[in-house]
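In order of appearance the chains are A, B, C and D, and numbering begins at 1 in each one.
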């Protein structure tokens, strides 16, 4: 059981890290602000979600698990809204694109 | 929560609570003024200034009577875990000087920075009084603080109070001067803090008394002392770190200039002395002392020559401050390496401090006089000073007798100081400092007489009659200048009071 | 070479890269953006150094509020950058050599530490039970060195006075020039509505737990300040005018209560800033509660800047 | 031997060097303020390493330096806030944000009747 959980942790965290890497690559390579934003938010949500999911079995107390999940939720919330704000700003500054 | 067996020979003394009071009183004033606002300025300040003067006098008396330092362990926690306050003779004398200059400044500024009745709270008055009280609190901590980090916080408090004072008028030039001052100060405080960190790492305490027994002449101590000294020199505006001072001190309103020049730069100088003489007594050697004094000599010559070339009175006085700060640094070669006995009983020690006290009174008086002249004329261009003496006889007289101290001519505290320092440099066989002092005195004579000569000359344009209110302020400036003169009553020998509570002759075994 | 060590090497490499970028980057705005990232990396270093209290402070104040101030300044000053005249090359090289020498000297001190390691940890721990606190850092801040903490609060009040003093005379007592987001009912409003209640709970929790766990008045107060600024920027609450009595009382509330408790020590305990036996913890909690509130208001006002328009 | 603590300990001096360099050479005040913060964080980091090396009595570090760093961070923040406020005010007055100054003797009257 522990082994299975450990394998799960390794897989999930690795997958999460991969998404972060992909997101960073997108941030660096994509041509304009909106697509970069797209890459970044996707990676953030998925990557962090997977990492949190992977870490959950390692947490000893349920309060710790609650903290982990709330971190993810908070990042989701702020990430989504900040992305909106940036997109809004870009749209207003460059109405043509 | 009684302190356990004290590690020190010192323990909280009976009158130690006075030191807390000296710091807390102005702090209460700051909080009250901020909360209650401009309408209460008169009442709060009118209560606090005499109370603070009283506390300073009480500290002075207690040290005088007891013949030993006052000590207070805050919260009952002894160092190294806790913070100690300690007032020796020197601290007590500093505290009284600070209180008198602050008190004088308060009287002088009452009219200029009064909250106008029946009007909404005005900016400059409220800010001025809060800053003045903050400078007072910070300086009181600096003179009695015994913990290097606590002193860092006090140093920052002093800076944060001094910088806005520079640009209180809000003109473009003064804001620029304040920003430059701030950047110098940031540089200085970080270097000081870095040295503090190194000292804690090497010796496990920040208490000055404990450090004296632990510090050895080794690389880490040298690097720490070097960085801290450099940082404090930047705040003291010793040549070649003086660039920020003239525009800052000249740009502040007159009472602000008085406090900045008379007291604020002395705060960081005081810490340099605490560092080398109290915290790290085994570290000072001939070469280090010569370097510091050489910078001082540079300041005297450079500051005086530039003062001579100024066309505006406030800038002239500011450059004169740079020069007069230079003399203070002669204390290092002339007191640190006393040929006979301990440093405290030598001529150099007393001479250095007399220079600080007399300059504090004289410079405060001089900036006030300059403020009154500028107010009357509407400008401070020296070339157009003709007739000032007839219009403002008391102020011109004030400027003159304050000038005596800067030149080092009797009867003045400046004469006592410079005479003692000359004596010390002859006794120590370091005649070169004597030569610099003589040249500095001549140059000071030059710029003082340049101003007086213009002021005494006649003019075709008659002056308008002044307000009668200004007469009171003229007398405040005169009183401070007379304090500098009164210091000449101090006997021309090493002061016993300034030796009270000084540590025994440092004996630091090599590592 | 353990995995943790490799992580630390990467962390330090990143930290130094970002720091170098902050110093050499062409645009001040990108340097300020990098500074926020730098602060977060630094907070990780503090975690690695087992100084969680400092990590929280660094993240909240060092990176968060300081970063916000710097970003604001850099964006307002953007058009002035072209006019700055860089220092000459010989001077720059000389200073670079000098700074490298200083850094090398300091590095030598790190590499060859003194043979005796001094620490106050045993003394601090031995006397901690007297205060009833469980967090030794809180013990240092509110018991052994409470005087530093009190003075630092006065420094904050003074910094606020100084910042306000830069207002032109006609705006004294007016409203700070915080830039409010122009579009009402945007997603920012939503963020403020969702995040602010959570953040306030978080800030109070951080102060409350600080007596026994990492946290405390500074960190909690900073979170409160951030929430308040967010609410103001989102336009949910007006930026208050600086002549409001209540605002001034809130700023001095914490320092005043702390000072009062300190002075009461003269009568009730072993002197200034000493606590009567058995009452140390409740008194510290009271002081910290007031300080958290005052820090929140003061930091918020410092971020908002000097008054820039007349109160309505 | 190189361990993580020494690594962080070396990071401190490097940051101090960088910060000093930026503080002295960069002409823009806002960059000087940034450099001051780097200088400060290097100082604090070294203090943190000293604290970590003082681990004893069941603690992972000496709490005294840790507490001092917290106070230091707050004071450094206050300094930054003040410096930035000054800089922004200068910018509003002059439209510029540099200290390239004129001779103080030529400066406009700063000592008029006040």
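Here is the rule we go by: a contact is a pair of C-beta atoms (placed from the backbone, for glycine too) under 8 Å apart; a residue touches a chain by one contact, two chains touch by 3 or more.
Keep in mind the model is a prediction, meaning the values are calculated, not measured.
Using the contact threshold fixed earlier, the set of chains in contact with both chain B and chain C is D. Here the chain pair with the top count of touching C-beta pairs is C-D. Centre-to-centre separation of chain A and chain B, using mean CA positions: 57 Å. Distance between chain A and chain C, defined via averaged C-alpha coordinates, is recorded as 27 Å.
With centres taken as mean Cα positions, chain D sits 33 Å from chain A.
Between chain B and chain D, the centres computed from C-alpha atoms are 25 Å apart. Contact of a single residue of chain D with at least two other chains is seen at positions 16, 19, 33, 46, 53-54, 64, 68, 71, 75, 78-79, 82, 86-87, 89. In chain C, the residues that reach two or more other chains under the touch definition are 105-106, 109, 113, 118-120, 124, 144-145, 148, 152, 155, 158-159, 162, 166.
Taken residue by residue, chain B touches two or more other chains at 81, 149, 153, 156, 160, 163-164, 167, 175, 198, 200-201, 204, whereas all remaining positions touch fewer.
Chain pairs that touch one another: A-C, B-C, B-D, C-D. Residue ranges on chain B touching chain C, taken from their complex, read 1-3, 12, 17, 20, 24, 27-28, 30-31, 34-35, 37, 72-77, 80-83, 120-124, 127, 130-131, 134, 137, 141, 149-150, 153-154, 156-157, 160-161, 163-164, 167-168, 170, 175, 198, 200-205, 219-220, 223.
Across the complex, chain A is touched by residues 183, 186-188, 190-191, 194-195, 198 of chain C. Within the complex formed with chain D, the chain C residues making contact are 4-5, 8-9, 12, 15-16, 19-20, 22-23, 28, 31-32, 35, 38-39, 42, 45-46, 48-51, 53-54, 57-58, 61-62, 65-66, 69-70, 72-74, 76-77, 80-81, 83-87, 91-92, 95-96, 99-100, 102-107, 109-111, 113, 117-122, 124-126, 136-137, 139-141, 144-145, 148-149, 152, 155-156, 158-159, 162-163, 166, 216, 218, 299, 302-303, 305-306.
In the complex of the two chains, the chain A residues touching chain C come out as 74, 77-78, 81, 84-85, 88.
Contact residues of chain C toward chain B in the complex are 105-106, 108-109, 113-114, 118-120, 123-124, 127, 130, 143-148, 151-152, 154-155, 157-159, 161-162, 164-169, 172-173, 243, 245, 248-249, 251-252, 255-256, 259, 262-263, 265-266, 269-275, 277, 280.
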